[in-house]
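Per-chain residue numbering starts at 1, and chain names A, B, C and D are given in the order in which the chains are listed.
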């Protein structure tokens, strides 16, 4: 790689920096831009389109949709926590048919790249969902949410067991268009996330999305009971970023050819760059969107400046850069 | 429980509140006060004694000590993260003999209740450590750190495998004074923490300490490599509090008779009360001590006020209170 | 019109009883504001551990003036975020998103309106009262709270109202009791056509019940915990009956906060009614 | 004497080139301060996402005066915490812990002393220079930085020094080069007995080397990342040779930040030397 290191300082404000080729790919899905929304943090894109042009970012990852309409859980569904939040939405949504008819149609017409996230209560449901999407136009990739800790049936966290995880991926693969890459979304709540990544890769996943929320809980000190109606909820936001970067690093280390969509607490371009350096090919911005509705666009712009300041001319060169061997000058130093 | 609910407000400032009996126990260890330091966040008490009287809190949990002196890891050993930090100390310490001779002797002479934390690289080492402590005076309990993700040998995270975890506890039990309770300190980095709690209980643990740090990582954007010399580190502080409360809740739910020493991001009395309501019998204050060197004392005082304001006259009544069945008025409401 | 995201400057901070009124520059926002809109404010800057914005009803909106547009909000200290907010000083910057939500619907023809505010819930009723009177409506106001100090703006709102009735639960001001203790009478006296209400959930439920019993059309502005305020997170839902008669868990930030009183299933707020669309079925 | 934990008020904020000098009330702290002590400041209040305190050398300490004791620190903006700090205004409160660390050791008898400061590393040298002169020592100062703007206090420190030599790497002020380019000469000219140094690790290593080569006793104040600053966390260690000749990983916050130049294993800072006490053995 040839790079002229532009150090930060007075000119580090983004002025006069060369443009960076931000294109990247998640398996066969080629995208000109690397920053996506995160499932469940952008609905189906329409609301965010009021704050920035959603066709200018990598794309919209839609809220995980199930086969049938779902009311979700009772409220309270959220609690704020230090540098993060808990949620327990319970996958509220219109069901796949209404989703295709309304949300997906709108996204297609709007010209936004779309990653459809699906969630099921059984291997069969995942298969059916994939089949429903089979001949639908305008889907860049399918993200398979096998890790949501919020589903009503607590036994069913597919992402926590290598076998169930791979069964789901197989069912989705079998039933979906081979040209549409399948991204398995993993949970950090496992003893060894690499094992899960390996098993979904073997089952046919073309990429992984890392990480979903981690299970947490808050006690409401007025009611002296759990703050969420769902008792536990998913922890997200900057609080979990170090955990997410670690998961991306571990998976990229073990499976350097498996594309990773990285996420977890990304707040700015520097945060996004950590994920890229750790091995992510693209990133999603989730919870921070609640703080800043234009966050995905802003993060993408900041990421470009951050790359340019470090002399990168393409995003692709930066993917996994933190895993490189010792730099030449470091080697020289050691030999002294 | 008879309690007169004193609501917060002008008099919620701690004025005119009745004193609360703060005594509690961790298995056979009876303590008049429920707030402890956390291992690795208080050295062996001497430095904090400059900021508050360490005999006034529950006690000091000392930095995990190994059989031999250990240099720990190279620096950088820490990175700040949103509402938390990563550390990768690598269990630097003087070794058990020097620890007993100097640190423990000082603590005994100072009159502080002391929980000795031990860590080993093998089951055998744990056994030897327990044996070394066998006839030493002034030990209120032994905390067995089976969950530190920072040990040099990465394969050896005992806490992540029910078998290794119980082997360690058995070795410690076999070699230690039966009057000194054994607290197994668990890692949250497992698929199911209840399984681990069950296995250490079966192996003879008298209590569990929940939670140790969770594995995280930060990339330094100047060097474009991991920020810590140890690559990954343990994430601690308020960021992980919801995860910690969830672990305490799950274990207390499954094993209501197993005493829990709760910790993870406790910053104030309200935070401590969350742990107590979730099922902890006592709590440790760790990382926040770096922000506020008198935090353990302050948290204990605030916890007493928080209990009194809610009408509790003893801490013991509050342990696990969030698990109670519906209140009478709620039942009435539902029947309407 | 789409909400704006902007940085506003604190123009003025003044105490009003228990509350703090903040005036903020907000170019473009005032022009878009209708009575019942709210805005979202970021707490504590980029390194704050408090990630979520806090929501406040827009109390006043001045689209002209030296500052090229400003808005006022009324803040009651509840927890850490509102505490931080009332500590702001003149010239501090605040991150603002708004106007948000569906505002109150105004009657096309002159009508007799009762405005009911609980606590700081009177805040959005000022602009509403003004606009109703501009349309030739009669406006009667009821302001209620637990105690006198928790009332907001009772002196000022008098000007825009034909009558003002104050209720406090402890009798420290006005009639001792709740707003619903006087509502029935005032409906009769004023031959009310519409009731507008803003305040705690319990009050809204009670008002909606009285309105229903009397056959008066009611609009209630609810307050649910919101993570995003812009419709993307699904945390702020409550069970609402649609035009088709089907109950859905509906986002109060974009489909509310103002709802028709007879459409919200008040007694089931906080639950998912078993007949709601997509409600968990037995054995699931 | 034990460090204090207290809330100080910002008395004054003034720019000094690239740096910001903060004066803080700190009753009791000034009296305890010796040259080389540092203090720790909390960033952003109870809800801040920045949990760790930031460390600053004590630049001035006034034990008397209208405010019953105050201290000054010199802040260079490095990241988020220092940025927040320089945005403070008069009357803001700050949480302070100090004085911390082992200060410089002063010679018992009058001696010829060279004080070397890199960048804001001159800050703790002001008090040191004053106290050395009170003891009849000769004080010569070398202040170095990459460029003129990164120097601190060169005008003021002249007063306390027999000579001041400035070096900048870009030649924008004084001699072009590094402090060690002039040190050797000044040792000769002043027949120096002791060198005191504070600045970046690389500079300290170079100064310690020159001092060792010339047989001059050196004390260096190091700057390591610190989580606690009070000796309880073990994050701030570096390899230091003890009186017994054994190298240990030593806490720079309580056993430093001032170390004897010949005791720190400068080239191995950031590593654990294989002969350090308890260093990992082969195959472990």
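The rule we apply is simple: contacts are C-beta pairs under 8 Å (C-beta built on N, C-alpha and C of every residue); 3 or more make two chains touch, one makes a residue touch a chain.
All of these numbers come straight from a predicted model, not from anything done at the bench.
In terms of C-beta pairs in contact, the better-connected of the chain pairs A-C and B-C is A-C. Taking each chain's centre as the average of its CA atoms, chain A and chain C sit 35 Å apart.
Chain centres here are Cα means. That of chain C falls 55 Å from that of chain D. The geometric centre of chain A is 44 Å away from that of chain D, both derived from CA atoms. In chain A, the residues touching two or more other chains are 82-84, 237-238, 267. Multi-chain contact residues, meaning those touching two or more other chains, occur in chain D at positions 46-47, 49-50.
Viewed as a network of touching protein chains, the structure reduces to a complete graph with every chain in contact with every other.
Across the interface of their complex, chain D is touched by residues 40-43, 47-48, 50-51, 63, 68-78, 80, 82-85, 87, 89, 92-93, 95, 121, 152-153, 229, 237-238, 267-268, 287-294 of chain B. Those residues of chain A whose C-beta lies close enough to touch chain B in the complex are 79, 81-84, 86, 160-161, 189-192, 214-219, 221, 224-226, 231-233, 235, 237-243, 245-246, 249, 265, 267, 270, 273-274, 277-278, 306, 310, 321-322. Against chain D, the residues of chain A that register as touching in their complex are 82-83, 238. On the side of chain D, the complex with chain A involves touching residues 47, 49.
Across the interface of their complex, chain A is touched by residues 2-3, 5, 42, 46, 49-53, 95, 97, 224-225, 227-238, 248-249, 254, 269-272, 276-280, 284 of chain C.
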